[in-house]
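The following pair of complexes shares a single chain, chain A, combined with chain B in the former and chain C in the latter.
The block that comes next holds the complex of A and B.
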């Protein structure tokens, strides 16, 4: 293992440990029995098969948004649109699942494509605003998140709503559009194969194609990329569209795999978790599923804790924020890295 | 005349524009101060949210609206200093640090609300206070103008005063000059003995204080309770207003007014028979369109900025 990889692993580990410690301190501020509550949080995902299942299920949408954010971060773009793209992708898949009448597998594929296209449009808008008009993709994508949330709720309320249902939910998805679930106890579904395929494709694109190389170059040093003749504006637009497509596909997979009707009233927050995942995975698609599993573990643990103890699940946001802050802090443990480098140099000097 | 047009040209509508502009205006002034010192403060959203909650809690426990106001401002400053610590001392990417703080604010406020009020939605069980409304003695009797600015929340007046104060501070004081110098060229500023870190810390604290006032207005002026995610993107809209206003306090004021108009319009249209979801989209769509139209010039090999 190279010194750098070792150092990054160490730093991530220390950041997570620090975050969990702070999480525990906050828990003990509000809880009557903090040790017990925090125990539920840490052990929660392993306490029953159903919970272990929901822990793995939650890793699927998180992997998609983590990949989407990793793609755009690789090109140095701060597109925060994964949240809205995921949401509108789910709405588009719902529309295709409710209205179309197609044979089983084809119907599923069409629904997934619908989600992907909706998400891609969500990536195209901030991308084109940035590439053509130099408008901040950060602000544009944040605004677009709200637009997509409202637009999605409008479509569900006025065009897809099931009038016979008591709550605000869509008409049921046709069975031909479902992604099959493996067992009855968990909702683990065939979308996981789509997920692994996309993980591989994202990796292949970023590290094995020239466009992917150009994107990473653009992210590392925009001026250098431009002077070496890379069409940076095209690359930025492309990467934002691809990121949007992946996030939208994630929304569609989640909808077809887990739900039988659209029933969200608010955005489920996978997009912002995608940011944390991309940071933990250092934008490497192959590491994204691992980071997603970790985030899913935090989510499910927090839910179990909220169910059995007097601490609400939002506690986990404190842990998440500390992880982002410390993992991305360049100066965090920099002194240690410095000493490590010094030691190595001295060793080499004495060896020669 | 069409009822919508009639309403839009009424004095009470103009008054409501000022009311909904207030929080965006405070935050966009905060964005200007941070930006001119060379820091993109996207934590404004989280700052407002935290201040809105802290104001409600402090006023409920002390029975004083002003203590609530101070608590809100103080928490805004505190978040600004935390952002400064991570960005300046630990060299965290400022956008990622801002995102982390916004995430923390969005859910952390719900966490605290639940711990204090045992409710995850609104704080209405807390006996929180509101900032007083003020009547301007002579102006209130002037026709039309009196109806518009004669009687408003004290924070609305404060936000208008803040425009002038921030302008004077940035362009007429020596510290303002130093602040802008740091933003313009930190190395040059450093070479003449200005501490870049210190100036940026102070800028972030001021930015936090302004965003904090905006937050307090939301929960203790605009309405009289805290509800989860009540900022609903106003901190981000403020960033757009800052860009639209060319990083100038007066420009930010005019841009905030524009967003205030769309906000007030969407509030009003909700009472008509337009689907609510559509109407609520208006401020965000307008921001997007304005961002595109205004950024204006097409790029060939143009400059890039990541903010």
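The block that comes next holds the complex of A and C.
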């Protein structure tokens, strides 16, 4: 356990360092003053309270989708649907925020629940298709993203649109539904508490409950799970529903905390980032917020760099891609690990 | 082949010197192993499973890269980094699991990779002729036009051997070649190997069946925990001495069957007229059997005659087309594995790495897979980590699982210890019925002994055991009663195992002899099935 964990941390660290180096090389190719540009990229998120805040804010939705994907990955299932679940969760929360008239707190809770339910339905569909008809959940969840995107846009355009606004946005959410922001300078909001609660619940579910055990064993070895008497099809369905609920809740939190009226014209991409985060965090819910913060840091840094230097924010995609490739490449640093193992074995042999 | 003329009988044709191989998970498979084989001998490589025999041969065949050590063939140092290199140096390997293309014919498999051509076309006639000639030359007759999927295991093995000979191998490695054979097929294989030896071939024979080693080999090298314990002339050591070298202590090779219960016990497992058709083949045909409390019913038979399917249907892993299964007077037909387990059934699966464990999960997690939602491990919702840790410690101690911690991943344990994890889990729920499918396959003698002990203890305390086992010697010495399966049918039933010979059972296993189906059912069931 310890050697392995340590090695995985080391590998992630080396991957990040290698990716940043490559990022710097690319920067020097396109920039007049690469050192300065890269300096903006690395230091950018810390240069003002507003930027620091926006980098933490950005980590919130990433954590939710990262958790959603991690849950489903833990059961050995694919989840490419967090994107659509997050989106439809935001739409459902918007509808509840616009139409319902409830006292504060309660209104917020109802909106969050609406987002969760919408997301859960989004997870139920690929789950039930897989469990009943063995349809690939990867394809189903991926394709459903378009369904939810278009469905959401239809609802916003025809039922929730604010006719007095100049752009295609929804009516404002009632103030009673809002998640309060802490300060005026940043948009950091109370949703962060919801996030920590969900991080903890996901961890507790996976590692401390019988259901979570079922899910993890199904992910470890499906044949073993079936042989042991674990109802694997129910598990697959349940985990997809839970994953969907978490993603949907993330969409709702984002609406109530940051936007207060629906203004996305396209899917914001948090779902696919969730896949990256789940991979970085090795599906461990407790590591998800860290991975999310890291990704948010890269994103905000890239924005700052694009603003002040002659390098576009897209460069960060290169860094991301390299990190993912190296972290997921099983053989990366395998030779080093083998030498370590060999050394340890020899020490053990000479000690005994 | 210039070296051949000057070679003396004692010249080493192969020398593996100081081989060390450590697997990525830290398992030391070979530790400074030096292994020498003389030209024209049959050299047995023995050791418990996990002793490093297969790894050593994989190194020789270029399938594993050693961390240290060197290899000499015919006195020259060679570097073998792929099977192609090995073949070039005249090393041929017959794997434990045959590497044949089942949809191709015998001839096509033998010439694969070195096909005779006429122009750009594959010359089938020539290929078949080559195979026939090769088979005649070595006394390994095969039908070149038969499809691999249609021929029995013994013939497939011959094809593997011919394939190696076709490539000019004069050092042949056979990895546990008799594991899948009937006594008759084993006999034929030995004849063929002896005549290959007469013709000057060198044979390395991996086994842990010491009687066979004694019968066949000239010299024997014993490995234990990755080290060489010694090399002896086979005629100068007894089976007992060899087994002591393998295990490091005295062992009882013949397990004792459980004492027969005083009166007929209650029927705990009842299987009535099971039928299953899979891919157009009738894999289970009217299979009926019953197992009573306090007895072991052995199932003998060559692998692939319906045993796997029988176990799958009984345990709920696959549905059947017709028939019934009753576990402890409850209808288990078509129920889920979990529901059947709740009726009091435990299952030791044939393939422990696929079904028996989740190899990346910890020992604890593997130990609770059949009670993760029951007290005291769980309150129905949350897991009780303290209870899990207590249970793990208790089972690790009681079943003598050698590990540093219950948190260790199961996959890093040796085969025997992994099997102990499975046994510990399956035996500790107080099962009424145990389905043990090849419970000692691929584990060392020490672990085999303990598995036998647990099976006998459980039986004597009233459990009904259905024991499926390809090792005839083992199933005959453990069982109170015995059935033989052939082509999905129960072809023989013996109320009394004492006094039966392996040869006689072998005839039933090969389908050369069978009892009347009605008679089988009637004598096993005693009275008509209710």
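Just so it is clear, the second predicted complex is superposed on the first by the 351 of 352 C-alpha atoms of A that agree within 3 Å, B and C clash if a C-alpha of one lies under 4 Å from a C-alpha of the other, contacts with A are read in each partner's own complex, and residues count from 1 in each chain.
We adopt the following convention: a residue touches a chain if its C-beta (ideal position, glycine included) is under 8 Å from a C-beta of that chain, and two chains touch if they have at least 3 such contacts.
Model, not experiment: these values are computed from the prediction.
After superposition onto chain A, the partners chain B and chain C occupy separate space and fit alongside each other. With chain A as vertex, the superposed Cα centres of chain B and chain C define an angle of 70 degrees, given in steps of 10.
After overlaying the two complexes on the shared chain, residue contacts for A:272 are found with chain B alone; chain C is out of touch. Look at A:167: by the touch rule set out above, it reaches neither chain B nor chain C. When the two structures are aligned on the shared chain, A:231 is found in touch with chain C, with no touch to chain B.
Judged by the touch definition given at the top, the superposed model places A:337 against chain C, while chain B stays out of reach. Ranked by how many residues of chain A each touches, chain B and chain C are led by B.
In the superposed model, A:139 lies in contact with chain B only, and not with chain C. Taking every C-alpha atom of chain B against every C-alpha atom of chain C, the smallest gap after superposition is 6 Å.
Shared interface residues of chain A, touching chain B in one complex and chain C in the other, are 226. For chain C in complex with chain A, the residues that touch the partner chain are 22, 24-26, 28, 31, 67, 315, 317, 336-342, 347, 349, 354-362, 365, 368-370, 372-373, 378, 380-383, 385, 405, 407-409. Contact residues on chain A toward chain B in their complex (touch as defined above): 30, 76, 78, 80, 125, 129, 131-136, 138-140, 142-144, 146-147, 150-151, 153-154, 157-158, 222, 226, 233, 272, 275, 279, 312, 314-318, 320-322, 324-326, 328-332. Across the interface of their complex, chain A is touched by residues 42, 86, 89-93, 95-97, 99-101, 103-104, 106-108, 110-111, 114-115, 120, 232-233, 236-237, 239-240, 243, 275, 277-278, 280-281, 284-285, 287-288, 291-292, 295-299, 301-307 of chain B. If you check the complex, the residues on chain A that touch chain C are 1, 208-211, 213-214, 216-217, 220-221, 223-231, 334, 337-338, 341-342, 344-345, 349.
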